[in-house]
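By written order: A, B, C and D. Residues from 1 in each chain.
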């Protein structure tokens, strides 16, 4: 459920909502905004005709809105309950707090931190967590706290508890696995359901699991890909947020695929982070609705 | 202005509208639909922040709608006038009537007729017009009337009058130039403003005018493209609907560029025709808003 | 082994060859051509560093070549045997003879016949084979023999014998399965090894088997693809020739994926046919080397 | 003309050569290598059929080559002169020395330095030159000398002299303009002909000159692009090395185009630098031959 922090007047509210489809939903929701003085600046909706489920993203200006942001959730709850909706409310004035988990590869972290630095993401990054110290200089260059939690083979549970404590201390909303080479426990995954974004270095569902570039090389594919998805308890089976592919040829060695794939991984993960930071992603069972 | 033909009950109405931006537009328009028993199945809107202009496409089910389709235009007019809107209303039960103009190249016509035959476009094609008889067998294969209006150099005005008469007789809504290799007169262009779609064989604004593939070859570009746009009185300057590009190399001769470009032309023109047939394109000055 | 038919003087010879890698191969092979008066117009080579195997495609002008084409194979054999090579020789003056197998979907056949008609493929198509009569009008339009061999469930062996007899009568070099919806027997596959090109409507190895678009819809992927490959005895596991992908969204139904995928299937299969017709494909175990 | 530095035994030699086309060129050149004990590891050639000019890139192993690298140029010269060739010889053991010119935008420099750090380019970067001090911290992070040469409006000639002196002191082979926002003098351009790579933020020849993203916005294009090219005395008219494009929509503001375009600029410039660092680019008049 959404947590509300008072924000400076101005800015926009963003409502993400899904519910069983019925007549008049767009009208009811836009009316809710309009009657309270909000000006809709963006509205996108989708009906899944198979599941008969309705999805909407509405963004409106709070400039002349009659309800203070800290009361908005309460004001909206009755309508949401009437619709049987899953929903969340965010304010552009209150940035999401995002932690990044990494291991030794630097390309995804590099990409995220650079984009963050030039202002592409409306998020705060209070914390980077790693099982190795290698990327500390990169974190330092961008002035972000870098916390090493070593994994020794038999301390996984304790390590995850330490990570969880850190995420709580830093009031983290969601987590990005930027080529974090460890499998998370079901308990951790369940706790952070819908809030952990991973990058897998293949066009899923092809080449699940380890060494996808070697698998791709051995199969002799003419395209490789990368996939950003939410983590679930089944490896590489979570709802897909974003994918992209690039052509390769018989000339490309495994090392070439890794090099070309790095560019895909960086771009695909960055797009997913951008989409989530702008509250554009809804879950639809094992799939996503992305209002881009 | 929209012409209304009574349709069988059922189907959807599609409203395309643009007007100066103001507070509450989405709410007002969705309320108009909801209060009359319409169920919105698709809504997409856009605000041009520079021109402060609002654009919307609303599609709703007529199943339990309280107003018969032949009265809908009248019923909506007061609200439209209050908003100072440009607008049109279409019904999915009434297909647009589209004429295709061709010369000698068959690839774009082939593509349109095949897609039409497999049901990709919700249009009728009552007529193909050409200044050459070459493509008659293709028209015959698909059972579509093929009318030759030869151009002799000094009969352009008479030829266009004859074409205009044909378009009127066949109650044509809009025209597709499928590699029609003739320049239309300003009078014809003005009369059919916003209703003639062309395919140009370059990524405009590069390589305006004749022989764009030769121009591309001589410039040594590494990508070529195709552009679908509305015709205006200035050659190749009309509002762009759709574009695409493909990589080429130093190995490609002019003939190779022509061959590769043909695939782009076919796909880009087909996408534009599909978009327009589904009432997804609005004009915004010299640009388009495409609700895809 | 290559079969040689006397050709008109002029034209080019194309040698496709692979052998264990060793020093001086390019020099030896280009010397063979040069010493006999041939002028190399295209040469492309590749060394698989893992398998230590050498691949080459050499194309040379026969204009002043000292050996008549019908003696070239004999003249080259000693060098080929010294190298332990697999090889084939083709002449641009002697077109490959290609049969197309179809069922009911017309898009791939349409694409191949149209491209063939405008001269994109240097092949002859003496024959179309189908288990249904539906596409006969299309074959008729292009003036190509259309032979129906119905499949009744228990006549597969007899049907394949009939097909094989037809292929022999028409002196067919290789076969294209243009959305032919039947599995071929291991005996047929073995007999035509490396000479049957299929189009599968997914980006292999994702979505092997039936209904790949439905599989893609249910997995919620953001890209779909198509794959052209040589047929082997394992379903959808043959060496990949060409692939391509296109972006899709949550708005795309299964029907939309089928529609979008059709465009990929057409283009990917056409590219594979073009590549094979120009003798640009070599097998490398379960993979291909494509000299594009 | 190539300058030769003794290299450690081992590594490869790379010959880039173009000359008027004639019979037997591949044979003569591969023979030159073979007779001296070289093993060709890569060979790519192209004949421009319009200009009747031959282009080749040959790479061979020096492991058992009979000529020491510092004598190779002399040994090859007689054959080159016989062919009337333009040519250069490089050794993989001797990295090119590349200077980067920047102004205030960091994205291209960031991309180049990161790729350089992970080993994607076989070059040395002894020097970064800028007319502003802003990017010094980035240069420092990667440990590369950063030299500021301020431009005051009337010191251009002196500034270019200072830059030229620096390039000479640091023995620079070629220069990358990584969004260097200054026009270079004809004298500088002439002196460094074929050795200065620029990135232009449009798909040339569209949107030459300043503010191409604003031009693209105003024209309403549906794709934007980036182009890497060699600098010549005519602005944005130099031989194109590499281009790429990305789709945009009516929703994209000028700021969005700038953001999306940044990703293109980074990737396109990085590819061009990689291609040139591997000696894969030949000039063909106002065009390039790129052996990728």
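Criterion: a residue touches a chain if its C-beta (ideal position, glycine included) is under 8 Å from a C-beta of that chain, and two chains touch if they have at least 3 such contacts.
Model, not experiment: these values are computed from the prediction.
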Notebook entry, point to check: In this assembly, which chains make contact with chain B and also with chain C?
Noted result: A, D
Note to self: As a test of understanding: of all chains, whose mean C-alpha position lies farthest from that of chain A?
What the structure shows: C
Note to self: Which of B-C, A-C or C-D has the same interface as A-D, meaning more than half of the contact pairs match by residue number?
What the structure shows: B-C
Next item on the list: Looking only at C-beta pairs in contact, point me to the busier pair out of B-D and A-B.
Entry: B-D
Item checked: Distance between chain centroids, defined by C-alpha means - chain B, chain D (Å) -> 43
Check: CA centre of chain A versus CA centre of chain B: separation in Å?
Finding: 37
Next item on the list: Specify, in ascending order, the residues of chain A that touch 2 or more different other chains.
Entry: none
Item checked: chain B contact footprint on chain C (complex, rising order) -> 106-107, 110, 114, 118, 120, 141, 259, 263, 267
Next item on the list: Sort out for me which residues of chain A touch chain C in the complex.
Entry: 46, 48-50, 203-207, 219-223, 225, 239-245, 249-251, 253, 284, 286-290, 292
Item checked: chain D partner contacts - residues on chain C that touch it in the complex -> 23-28, 30-31, 33-35, 39-45, 47, 64
